[in-house]
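Both complexes shown next keep subunit A, but they swap its partner, so subunit B is in the first and subunit C is in the second.
The block that comes next holds the complex of A and B.
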């Protein structure tokens, strides 16, 4: 928890700092300090919170990604918000009881509402509002679920009870539905397709890249005892939700004209992949698969939205047409964008491939061969729209209405960090395996 | 360690070439030097090989929990493929000497060389798959950026089609791991597998797309026609061989019992490819599409050879793979050259090119005669050995293979009549056919190889025969 204190305090203090560069340096060093505290294992015992090697490992990844976000941002308010979100993510990841989980989750949600409320135009306001309303519904559902859960007399100050009865199970499932809003699981995905594409891309990077993965990891370690307890009932539900989510996300992405929307739908599809391990919990590869997916996804999704933000100068309406000929104008940015897209598509030597491979193997491991084939085909067909973006970047000449802005050196540095992450986890798989198995 | 360099140094070097050389013209020399070194290393590997079995080159990046480990091992079959690949890469570099936008082009070529060496050298299924998929990336760009008018459609179709097929392969590998506990392809025993039939079919479909066998071939005519000529050579000479190589290694040698059971499937699809593509080539007036169908037709022959599963037929199949690479490549290059000069793909617009450009036309005719199986060319030896060995295995009715040869004679001779000889068309009359010396050199090398191994195939057969001597295969053996 000491890392949380450092991050939260520096987030509060960074309001007082004037000057983007100084604030960047400050935020960066705060992340470094927090990271080293996590590495050294300094923990302030606090009831309801706790950590282990997996969580610590993932926290470090989150810090690295936030380091890149901070480098890439050019507004002071966003840097401060990033620190707040980093601290809330830490809280959520380390929460052990159901109460701390819900409270940290709400803290993360509220900070992300504040983040997106930093609007520039009406489109971004619309996106922020959609996110706020869906978030409010989610909160309502979670509170309803909590109240049903407590009817049976379970304490909120403990980990999830294994002996939930009818009301307890119902309550927990309602909480899950509320959380699915944040995870953009179909049919709770409608807001995300609009929001991610309408808010500023750099905000979408934090929301769809970081917040989502943090929630899914926390959800996994908090709820897996409950899911595992009655797996024969829970597993098919997760399986159906997962397959439907990835299929709808991938199919709808094919029809989009705006890059932001393609990435939103791809993010929804990836939420589907990330739900798979919940359905195959009895496989020993489930937790590795999820952690790997989360790590790979956090790098690639954050990188893409951050770069989109720079290329479009914070404009969320960038279309494919405007992306034409990016490769001839900016070789390096084009390459970064392409490699991360390939990673999302699951092309080898990149994090996106191995993470998906392990996830699918977990499915094969519990003898669901047909589901595995569906997932693989989904992933293969998704190449259709990723390759379509790349076609605009590389195959086409510069279009007339080209409004791409030149990416500065700092964001490119941030992209390099994220690309190294994608490459590292694409080749050196043992780093993740050594943590989980 | 040098084995690791063979794969990863090109991948790193390609970035360097892309960003540093900036179309200054150095890129092609770097590529040539690299491919020369790769050829040298392949020859060295060939010299060091043991009589039978694999030679371990190194193990890296071990993930024990998932048996995910980069194991580099080669046997005779993979070294023959390495030799073929590096020779073709050198010739492709020569024939793309005056390609536009060279830094990016040669960077992709260099990247491709690393990935393809990875395919032939790694014996861990997962790493094999990684390199297998990695070859798609440079091909996607090579077709999409340097291709003809329909390049975008062709590139995306090629990428999607083969990527989807790869998913079947990956699923098969996962099933193998689930059932046997290892990703090491040299350790798989068929008896251990619980669902060998399912695995066989998944692998077969996956590799049949790459090879390609009818009815999974539809990506190929598009990709071949739209790709620039040297890239067509890579597609035909290397990518299709990847499919055939994997088919021999995994579908036949790894799962011999299942392969025995379903050999007729490979045989029928091979025959259909041979005849269907032959008829399509006869019908085609687009000169490069004709060559593309001819390529599918010849891969059908390779499939027939593979399906017979005997010592002789597999050797004949590998010989035909090499012959196909050397024969089809100059046809693609020259078809591309004619289009480049005349601006037309249609045979109807051409005619009498022999009078304007005798040397190139002569090589076209020579390669064409090779493709139709004229004695003293590689095509003859390949077709003859395949015919004999498959008749031995399946019976005399397989004499219908000769129908394929007749078809190829028909479409090729007719093509000669329309393109090379005959009345000189107006288009040809006003076109200047000049070819750079370097590009002509690569054509000459192809021509020499076709004749050399056609007259004196013994060294090749010496190499190939040892490939299968270590295996006990079903069928006639």
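The block that comes next holds the complex of A and C.
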């Protein structure tokens, strides 16, 4: 019995379950069981996979967030896909060799495509298609990279070789570029800006909230030996990509009119933040910074997209205008939305603040003061558009074309879980430090 | 950690939430939950007190980051225990008293949950090991105080009073925060026990340690209502009387004294005790004289609180830690008694606060009159009440300490003996003499024996009994055999002054009532009365300063530059960022072919970089 088996079996079995409520309960308990198995150390019983404290800790976080997703969903098919994605995430996080990493990554991508293919209108179809085409190109790149890597005689069935020559380096970098597609790093971000804003927000929650963080954590622990080996060469590339990504994400988010778009650009900007630890790997705070960033981000981004899904009734075209006066109608939802936005903006006592603080600390640690300054400026810039949403929620009267739907009790429960996560990791920072340091 | 202490720290906060939720469900349940939790807290503190024989020390960390650790330890020694007993004991009695006092209140849940939250903050403050924990408790209490003063926020006066209290105390808190920063920078520790040790406080320059000590004392001034940050304490009387009794009479206002007592050796090393003594003497005098002429019952007590807290500060300032703290303990009990007695009077006379509308109430409120009389005697320093012993010791230590001997000790002694004058006046006007307002007198109800008179009785007996155990109390607080300072002629002087003043009050307010009116009609006396009534116009001065200097001069000029210079820049930034946005937006194309093309371009670029990099 192991966490992966439980998740995968329950995902298969959940096809057979009819009623949404029963399926929710089933999926939730499957996640709970899987979580307890991870705590007990029974993770994935396949060769090429393995776990450690940090990975197990992060897996638990992912399961908690999936628990919230499952509570919030109201379509059986989406709950089933969530379970599949959870099991694929487990595999990806635990993969030890390049082969298992790529296969798990592809599994995750393919289930994501299936998830977003549950379309209701033309906009969603466009978003899903864009994601699919970009994903296909990315897969092509990854396979190209793999073949270049094997030219030098490296085996795929072991961890990354430290002695990569020109072709090996080139191959690994092409794999990285392919993976950057999922991470939405500029210039691989084009699809995400559209897709996240066009697919159903609850799907965007899984894609941009969970899948992205899982990929970035797995990427970090799989590729960091390779990056560290030739850091003086690799670090500048990561640094440039990271700074460009966060700047473009933040600037483009500034004047958007749709909430989904603001969130998707903010997600791109956060991908930029999450790329920074790769560039400052020699700092002992890099892994803490990344893990903290991932944990804080997974809670806030998932919460925002899930809540947006409920408030807009699955409509991805919600504009700021339509969001006016949310606070007068639904105090609780407005509160959840605001706190998570504050966390994204980096207000103290919330998860987003400490994660950014550690990141800046790590950057300063390796004497990249200018980059730290750019991060802080970006962060300041981002407060602009987050505050703009909050202004619409609290300080504007209800507009005539208000289409906000009432949020039911289950999604609010899910939001409470995610809010507690944001608050917990904003106050009890020690729980993360104790895992990594 | 010890289960008892964990429960003591967490129960009030859990209780506050539970009480609120339960109280929203059914109104009457809020009181019972609060009462049970209040009594449990007292029992817990008492059992810790009984089993205590050495300081309990538990180290925790809020978080560690790099070289910086923010500690959050728990440390319970004799000082903490005394404060714990006061906070939980008086808290429980206060909650019990509230059953009748707040009976007509609709929002019971909110009231009791705030009270429990306050007690939680106080417990956290006194059991903190480091300044971090203390600061959190300090701010919790500040918040609770603000929330409870403005409990009747539907009316403008309580709401404004709450804001005033928040601003005045927050002004002091900024200095506490700055002191914490300075301490981390210069000593690297926030542990209050370590700060008292010479190897820490001797390692930094005396100037810096002096500045830190004064900064902390400014925060204490704000919290304990000392000169010049006391006006909020007077306005805080807009809150419910039970709140005034607990927060603004007995517990929260003591926290300023507690922090100085906790860092006593630090203050000694900083040579800052003379600052404490000077402010204390001045505040004691201002408080005692202003209390003489107040018309509103609660304001008399508020000024008297200020004056008596100053006496406790004076004890510390005259380098007698145990004396100051003992006076704090005694004061907490009799001041809670006095406030609650006045609360009982206010309640039975249907919210009459003006002392001139009362009179002759001793026939109707015999028990309250008796208990309040005991409180007044203790306040005035009449033996064998506990107030006498500690006040005598404070005055004696002020006299015998060469630093405070002279002007400061004179001010203190005047303030000390004046207690009988305002206390006696208050009692006489409420209970003695003729009935001034027949209608109010007729309508006055007799308070309940169990809910009102019982807590008053417990406190009255405590203030009497503690007098007999004075030596034990002071030895416990000093944690050793304590020989208190003593001046032989002081007892004689105090007794004669007290009797003289008591006679004067009797003559003035009871016997020759008309004389009082004649005297107060004199222009000179009228001016003095006005000055005293307005608390030496300190609030007016602070407001004037804040308004004319800060708002009209400084803030207006900053506003001008903000409007014309900063705004210009900011507006420029907006249009600039909009231009950048438009520029960047061109990179985003909705066409899949363009998106894919960009992706491939990125690949080509990176491949090129790697080739160039490896060739170089």
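Remarks
By our rule, the second predicted complex is superposed on the first by the 433 of 437 C-alpha atoms of A that agree within 3 Å, B and C clash if a C-alpha of one lies under 4 Å from a C-alpha of the other, contacts with A are read in each partner's own complex, and residues count from 1 in each chain.
The rule is short, and it goes like this: a contact is a pair of C-beta atoms (placed from the backbone, for glycine too) under 8 Å apart; a residue touches a chain by one contact, two chains touch by 3 or more.
Everything numeric in this text was worked out from a predicted model, so none of it was measured.
The superposed arrangement places subunit B and subunit C in clashing positions on subunit A. When the shared chain is aligned, subunit C comes close enough to touch A:130, but subunit B does not. When the two complexes are overlaid on their common chain A, residue A:395 makes contact with subunit B while staying clear of subunit C. When the shared chain is aligned, no partner comes close enough to touch A:280: not subunit B, not subunit C. Of the two partner chains placed by superposition, only subunit B is touched by A:347; subunit C is not. By the touch criterion defined above, A:387 lies against subunit B but remains apart from subunit C after alignment on the C-alpha atoms of chain A. In the superposition on chain A, A:320 contacts neither subunit B nor subunit C. Once the two complexes are laid over each other on the shared chain, residue contacts for A:433 go to subunit B and to subunit C alike. Contacts of A:358 after superposition: both subunit B and subunit C are touched. By the touch criterion stated above, A:295 is placed in contact with neither subunit B nor subunit C. The clash between subunit C and subunit B in the superposition falls on 205-213, which is one of the stretches 7-15, 205-213 or 403-411. The residues of subunit A shared by its contacts with subunit B and with subunit C are 285, 358, 361, 381, 428-430, 433.
The touching residues of subunit A, counted against subunit B in their complex, run 285, 288, 331-332, 342, 347-349, 353-354, 357-358, 360-361, 364-365, 367, 369, 372-373, 376-377, 379-381, 383-384, 387-388, 390-391, 394-395, 427-430, 433, 437. Those residues of subunit C whose C-beta lies close enough to touch subunit A in the complex are 61-66, 577-578, 580-581, 584-585, 587-590, 592, 594-596, 598-603, 606-607, 609-611, 613-614. On subunit A, the positions that touch subunit C within their shared complex are 129-130, 133-134, 137-138, 141, 166, 169-170, 173-174, 177, 180-181, 186-188, 190-191, 193-194, 233, 237, 248, 251-252, 254-255, 285, 358, 361, 381, 428-430, 433.
On the subunit B side of its complex with subunit A, the touching residues are 18-19, 61-66, 68, 126, 129-131, 133-134, 136-137, 140-141, 144-145, 151-152, 155-156, 159-160, 163-164, 166-168, 170-171, 174-175, 177-178, 198.
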